[in-house]
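Consider the two complexes below, in which chain A is the common component and chain B and chain C are the respective partners.
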Partner chain A sequence: MAALSTAAGRVALRPSVWARVGWVLLAVYVVYALGRLDFSWPRFVTGLDNGARFFARMLPPRVAQPDSLLQGLTESLEIAILASCIGILLSLPIGLLAARNLMPAWASWPARALIAATRSFHPVIVAIIFVKAVGFGALAGIGALVVGSVGFIGKLFAEAIEEISLKQVEAIRATGAPFMNVITYGVMPQVFGRFIGFATYQLDSNLRNSTMVGIVGAGGIGGTLFSAFQRFDYDFVAAILLSIIAMIMVGEVLAAWVRGVFLEKGKVEEE
Partner chain B sequence: MSAALILRGLVKEYVRGKRVLDGISLAFDPAGMTAVIGPSGTGKSTLLRCVNRLVEPTAGEIIFGGRDIAPLKGRALREARRQIGMVFQEYNLVERLTVMENLLSGRLGYVPAHKAWLRRFPQEDVDRAFALLDQVGLTGLANQRADALSGGQRQRVGIARAVMQNPKLLLADEPTSSLDPKTSVEIMALMREVGRQHSIPVIVNMHDVELARRFADRIIGMSGGRVVFDGAPVGLTDDVLKTIYGGESWLH
Partner chain C sequence: MNAALDHAQTRTWRRFSPRQRLARFTIYFVIVAAIVASARSVEVIPEFLYDAPEQVRDLLQRMWPIAWSHYPGGVHDALMETLHIATLGTILAIAMALPIGLAAAHNVVPSRTINYLAKLVLVASRSVNSLVWALLFVAVFGPGALAGTLAIAFRSIGFVGKLVGEALEEADRGTIEALEATGASWSAQLAWGYWPQVQPAFWSVALFRWDINVRESAVLGLVGAGGIGMALDTALNLFQWNRVAMVLFSIFAVVVVAEIVVTQIRDRIL
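The block that comes next holds the complex of A and B.
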């Protein structure tokens, strides 16, 4: 305590030595890793030049195969929406089971393990597995994105539940309410807003992922894009990319509308 | 009068060997307001929460409604809890729901899950809720969100919610500790009135000795996990208060 009153003991905001060491080590590693990855200046300049030529071949965008493009887009949209709906529905009970403040260990540990497993892999890798399992097409794509959705929403939902005030839950329990009623009245009102936020974010994410799973044959515009690329139809590629951007923007509007419906300030959620 | 609630040898140890409740034995008449007073940490809140099993007693019997509810589980426990209403220090309302939904949540022990989710409560429950709103002085606030209310208003909703259960017993865990002096008096008066109207006993935990003296028919003083005083408010002399709380300077 005596140290507090002397001038020497009164230094504030001094950065720690270990933090500085950490930064230096990080800088050293970055330089080392760059060296190992064959990241050289001439290669970068050549790349820029190639990029410019490649870009020129993409303009003007040309819709070479309108049917294929339209069909690919609709399929991507369907994959995204179906996967989001199923994923959202599944992540509700799984996320609830994973909440350690509400559930006994024998329920929360398997649920948390499941969520961790579904989060480990990129949607494309999961799509490859599904294509092997159920064949080419949209079903594989939906399956892959459901897995991803459950992982994402489930984890965030469980964490949101773990942050709720248990006082409200206690009061509902004290009325003799059975378990589901405690969840509906004590838990859901506290987390529903955040759940809607996660769900709309995942819808947007699925829209983007749905354009990609096609590359491994799981349906959607990804397949059209990839084959156009392989045929060197770069102007068609550009058209496809632009239409993907348009689709994502439509998705943004949709997500914002959903949030507006469910999260109107001051309005009760289920009305 | 046969007792509405009997506690026999109630013991609670949060940590093995350290008794927060050291063999409490009490009987409560089916009417009247009892105030439980004592220093912080002496087990007043634990005592109340053992009755409706929000806290699990380590040992002892809780005779309520003709049987020992201490070992009950599952549906039987929920049915017992339906009969016991509780008012909390921090109101414990569901903040994001409306006053009406909070009131009706008192009936959640009686309504099946899908109906509860759809907010389809029996009409008579809804009618009673509106009548109760009038009685506690919150007419017109049925559709307000609970977090838009003042502390006193929230506690009134809390009391109304407990009454919606049609309970045989009303417990209140420091219901006025978060309220200003005037509102505290109003809340105590409301609870006493509710007890009389429905002929049910009211057991209140509190810190404010003067408030206890003013409203309670019977005062139980606890210290060190034991009952050290049990009688009418007139018997609460300075000496008794010293035994309960220890120290002298706060008395004068």
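The block that comes next holds the complex of A and C.
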């Protein structure tokens, strides 16, 4: 009987003290940060009011300037394609240099530092620097996205190479193959599938960012969008946003298809 | 006998079926055509390109020396605001993304309609860039950190919700079935069946998103949504390149520190 009562008094799955401390700290931080950032209930409510009016003005979407919309979208697409192409070509040697299992430390450290440096800034900030260096227009956008692509693909490519099996590399080396052949026949076949994955992902991501670099004057639809915002042309803003989303979704579907084609296993067959 | 040998010698082997070869050829062709077409029609002014080294030298000269004295008065508060925007935005995003992520996982909420609706919300959140979210919220709430925080939160919902939903769908059925057999309620199944299984994925997604948000919140100020980007925008508009250099350096430092913090925490708890 006594045993039964203690069993009933025991709590299964007792909540942990540390979890409670965590929740309290989280609550304290949220209140503190909300205070620092000047949040207030009346401001939020006025905002909701504004929001309702804002959305009313966005509907129905209206294509005020079809020419500039089409031109902006085309330019964004061109920026994304060229930046991906140049970025991928540049990141292949850099990623290879950064792979610590194939390269000596004096080659891999500078390459890794370069990759880390290109990754630390948002493409829009890089675009500001490029606008200063090469002037307003698509060239600045291409430059900014090339920098971003080198950082992303270079890092993932280096990591993919670091994970390969060295047995095949050794086998090719043992035949006395020169360095380039070791890369072509020992390393590339092992990382090709993942490389296709990064490359299509990067094209996708460049397409998204190419619609934004225009905000700082680096070409593409972003400039049209920003100026429509500043003129309070909210129905045109809605039209631009819908067309950007449509373009990105088409890009995503195409990228998934390309991945499917390349990652499908080949069927060895006789002809 | 001889004919069979002849046949064996003249046989050719192919790695891919004709359909696969056609698909690959089409992709290569489209890629090359797209690159050529873009390179021919994109508007590049060659004079600007030749001038670039000169301009970069000029830029670096103007940026040097970095205006360190500008930090206490003009940069520090904005930098802290950026960190608050990123952190608070991430917390808000997680709070909103968890229910949507649950609704998107078919094994947790067995209704295709609800799954589909939740996935639609997640896709919509991800297809709008955080700068566009910021522009929208600036138009609604006026310039300031509130717009920035909401922009970060709304952009992150899609990312966090998608990854949490996928982690839930990969959860092992065994534990859940055992709980079901004891008559555990739906919420108890979530707390004691799903949560322990998705916990590592959840923390790594949350940390990863915070890291991304620190980078992203640094640019939101360019469209008026608060944080260090506002300081950057002011310095750029006034052509105070020494101060621009100071702001860029502080962004770089914060991003590096954030990455180190995330790596350290991940190594400790995962």
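In this section, the second predicted complex is superposed on the first by the 234 of 271 C-alpha atoms of A that agree within 3 Å, B and C clash if a C-alpha of one lies under 4 Å from a C-alpha of the other, contacts with A are read in each partner's own complex, and residues count from 1 in each chain.
In this text, a residue touches a chain if its C-beta (ideal position, glycine included) is under 8 Å from a C-beta of that chain, and two chains touch if they have at least 3 such contacts.
Please read all numbers here as calculations on a predicted model, not as lab measurements.
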Chain C versus chain B on the shared chain A, clash or fit after superposition: fit
Touching partner for A:162 - first (chain B), second (chain C), both, neither: neither
Touched partner set for A:180, first chain B, second chain C, both or neither: first
Partner chain in contact with A:171 - chain B first, chain C second, else both or neither: first
Partner chain(s) touched by A:189 [first = chain B, second = chain C, both, neither]: first
In the superposition, chain B vs chain C on chain A residues touched: C
Minimum distance between Cα atoms of chain B and chain C in the superposition (Å): 6
Common interface positions of chain A, toward chain B and toward chain C: 266, 268-270
Sites on chain A touched by chain C in the complex: 13, 26, 29-30, 33-34, 36-39, 43-44, 47-48, 50-51, 54, 74-75, 77-79, 81-82, 85, 120-122, 124-125, 128-129, 132-135, 137-139, 142, 208-209, 211-212, 215-216, 219, 225-226, 229, 234, 241, 244-245, 248-249, 258, 261-262, 264, 266-271
Residues of chain A touching chain B in the complex: 167-168, 170-178, 180-182, 184-186, 189-190, 192-193, 266, 268-270
In the complex with chain A, residue positions of chain B that touch it: 52, 54, 75, 78-86, 88, 90, 92-98, 101, 105-109, 111, 113, 116-117, 119, 145, 158, 161, 165
Interfacial residue positions of chain C with respect to chain A in the complex: 11-17, 20, 23-24, 27, 34-35, 38-39, 41-45, 48-49, 51-52, 55-56, 59, 80-81, 84-85, 87-88, 91, 123, 127-129, 131-132, 135-136, 139-142, 144-146, 149, 192, 215-216, 218-219, 222-223, 226, 232, 236, 248, 251-252, 255-256
